[in-house]
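Next, two complexes with chain A in common: one pairs it with chain B, the other with chain C.
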Partner chain A sequence: MLDGITLGQYVPTESPIHNLDPRTKIISSVLLIVVLFLVEGFQGYLLIGLGILGIIAAARLPLGFVLKGLRPLRLILLITLLLHLFMTEGREIARLGPLVVTYEGFNKGVLMTLRLGLLVLATSLLTLTTSPIRLTDGLEDLLNPFKRVGLPAHELAMMMTIALRFIPTLFEETEKIMKAQKARGADFESGKLSQRAKNLVPLLVPLFVSAFRRADELAIAMEARCYRGGEGRTKLHTLQMTRADYLAILLLTAGVIVIAVVF
Partner chain B sequence: METKRLVWTAMLTALAVVIPLVFSSIGLVLVLGPFTATVASHVPVMLAMFLTPGSAFLVGLGSALSFMAIHGMVVAARAAMHAFVAAGGAVLIGRGRSFAQVLLITLPIHGLLESLIVLPFGYSLYQALVVVGLGTAIHHAVDMVIALSIVKFISPILPRQI
Partner chain C sequence: MSANDVSPRILMVVGLMTALMCVSAFVRIPVPPVAITLQSVVVLLSGLVLGPQLGPLAQGIYLALGLIGLPVFSQGGGLGYIFQPSFGYLLGFVPAAWFIGHGVHGLKTASTKRLLILAIGAHLLIYAIGLPYLYLALRYFMGTPVEFLPLVYSGCLLFLPGDFLKSAFFVVIAKRLTNNHTLTTFRESC
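Our next item is the complex of A and B:
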């Protein structure tokens, strides 16, 4: 059920996208997210989708693997589609008992579902092509200007990277615990919502205990390696923007502006 | 930031992303009109109240950033309110209030904050106050019961304002 989680995973491959500076990839992801909220027509989403497919190909990532990342979200995507389909007023195209499907609802539902799917793909691409260390460095560098207003840039970047790194691990852990509890007779997928919520406790307790144990082990390992936070910390590999990075940002910005203005 | 606190903050942020994704995939979703909420999604933010207010704020903020990538702006904006609820809760725990009291005190604040934040996104006053506000309050109450049940078991390993 939870297999195919791509958010937070890194696929180490030699590709032009992998070689880009992490800051370029973070900025590009933000640009993609922004344009997904600006676009309101199918053509715009089609172009963005094609762009994302192009990036997946350039990153030499298996398309099936990347698309599998949408599987855990299928219920959310379905709810999004159905909510818009049945709850938007407009011209009636079909009727299912008391529920009315409208042309506007159909359009909005498909667009929202596409937006959600493309958002997840765009975000997954960042972590799939950037190693956790480079992601931390990139985030920290981009957050550095905010240090002047007291933002702990290094700590925030490190925290986000550790969180991203542990998302796939915690998914696996959750699946293992669910299977173990089901083997003991637990039922998470049927019954009233209140009963199912109650049944979550035997799942959540071991999940939190395991996560906190991992947190303690990681903290000890970091301290054993003399990690003392961002103060006075130097880097083995300093980030360096190349011509390819500037070109990628320029092309993407131009593409985003065109798509946002035209569609 | 102390290493242990940093890692615990990160882990709770990761759980704040994982739990809604997993539980929505098995249908543990409350649907109240245009308002949807996943059961137990607030639990990591509630547990973050045991850390310092700064850490609790970061867990709320971190989960909001993740939600922005997955669910879009409105859900992210609502999730961003968790940062203030968690930080406020951590302050109250620091002042010696019990976890149950803190969750009860933050319930109306949580509902109010989420209903106010959706107004700029085109929600009507009714949708914001009744659907989102009341929906959030119910969601908070359900998650509060789950969080209190969990805390009973994991209390010995929980950090106390580390």
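Our next item is the complex of A and C:
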């Protein structure tokens, strides 16, 4: 019942892309998304696709592994392609029984599918090359300017880090409670729906209660260590923009502008 | 909420509730013909136990975690998830948690009837955001021309019986949790 969850999307290798500042990579992802929406045409997508391949190569990521990220979307990609293929009016190029494939439909279908696929690939690059902790660090830093309007950037990042830290723990706990209930005769997999729902009650209630108990214990531990929020707090690893970061952003921005203007 | 009044207690409990959201996306109950997740029940419960401010906050942080690319949504994660037509349902979690939190705010114990109505309302709120999003995403992100009415059927009506069951399930759990000693003492110490 518990499908394996892997938070290890991150591929820990040594590469120039991995070494970039997480802020650079977050900004770059946004840039890539923007350009994918500005461009409408095969040449533009081809160039962006080549660019993404270049980044994958520079990051020393196995291409097959990156492409696997498209798998959850395969159905949506297929539906997009088929709907356009058969539902667009225009010049007929092929006929399958009552279904007519048009030139316009073919064009649009391939383009839309490409756009969607490239969007997912482009955004997956961020997590493939950045560890979750560095990501939340980068996000906190990018949100810092909004502190002036009252956004608690540090606290938000802290909550994200806590959540990340406890996903595996809560997973284990869920499994443990499930096994404990099964040992007492609870059946989650068969039987009447109402009976199964009833069996889930002694799973969810303890989960919530233990989450609260844990929160209480950890808060006491934090207070005992004089945790007092983000004001004046220093970090073990401070983020540092290097020359490579500025170069990367400059290159990408230039590329985006050229592609957006030309295509 | 300003930065000053966020105690470690609040940090922890919101973080843990977010983690619980992530876990619940992957606990599948095989009910033919499809496996359902209990995620929407956890959404409503987060509103119940955390209240009208922190409940939606936990949901917002869940969304943020998924959007920066951690695979905490049922089909992965990443900024590209915005372009998934079903992303609107996830967005609907935020007002749903608020709705429940608001509905029971300040009450010592909520009646069964009240809880059931709140739960159904929260589920409908998820659709109120999810369906228009589905429609607009199909139309504009994917350029797929679809009619709104058939979408209402396949994107909402099909799931309503299941959601009604989940609402009833929520009420059972909610009843157990509101009188729970650990939860009440925790809230008093906040």
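The criterion applied here is as follows: the second predicted complex is superposed on the first by the 169 of 263 C-alpha atoms of A that agree within 3 Å, B and C clash if a C-alpha of one lies under 4 Å from a C-alpha of the other, contacts with A are read in each partner's own complex, and residues count from 1 in each chain.
Keep this in mind: contacts are C-beta pairs under 8 Å (C-beta built on N, C-alpha and C of every residue); 3 or more make two chains touch, one makes a residue touch a chain.
Predicted model only: the values in this text are computed from it and were never measured.
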item: First (chain B), second (chain C), both or neither touched by A:Leu63; value: neither
item: Contacts of A:Arg74 with chain B and chain C, given as first, second, both or neither; value: first
item: Touching partner for A:Phe171 - first (chain B), second (chain C), both, neither; value: both
item: Residue contacts on chain A - larger count, chain B or chain C; value: C
item: Which superposed partner A:Val34 touches (first chain B, second chain C, both, neither); value: neither
item: Partner chain(s) touched by A:Met159 [first = chain B, second = chain C, both, neither]; value: both
item: Chain B versus chain C as contact partner of A:Leu204, first or second or both or neither; value: both
item: On chain A, positions contacted by chain B and by chain C; value: 1-2, 5, 7, 33, 72-73, 76, 79, 83, 87, 116, 119-120, 122-123, 152, 155-156, 158-164, 166-167, 170-171, 174, 188-189, 193, 196-197, 200-201, 204-205, 207-209, 211-216, 218-219, 222-223, 227, 229
item: Contact footprint of chain B on chain A as seen in their complex; value: 1-2, 5, 7-8, 33, 37, 72-76, 79, 83, 87, 115-116, 119-120, 122-123, 152, 155-156, 158-164, 166-167, 170-171, 174, 188-189, 193, 196-197, 200-201, 204-205, 207-209, 211-216, 218-219, 222-223, 227-229
item: Of chain C, residues touching chain A in the complex; value: 1-4, 6-9, 11-20, 22-23, 26-31, 38, 41-42, 45, 49, 57-58, 61-62, 64-65, 68-72, 75-80, 83-85, 141-145, 165, 168-169, 172-173, 176-177, 180, 182-183, 186, 189
item: Footprint of chain C on chain A - complex, ascending; value: 1-3, 5-7, 9, 26, 29-30, 33, 69, 72-73, 76, 79-80, 83-84, 87, 108, 112, 116, 119-120, 122-124, 126-127, 130, 132, 135-136, 139, 147, 150, 152, 154-156, 158-167, 169-171, 174, 188-189, 193, 196-197, 200-201, 204-205, 207-209, 211-216, 218-219, 222-223, 227, 229-231
item: Chain A-touching residues of chain B, taken from the complex the two chains share; value: 1, 3-4, 6-15, 17-19, 21-31, 33-34, 36, 39-40, 43, 47, 58, 62, 65-66, 68-73, 142, 145-146, 149-150, 153-154, 157-158
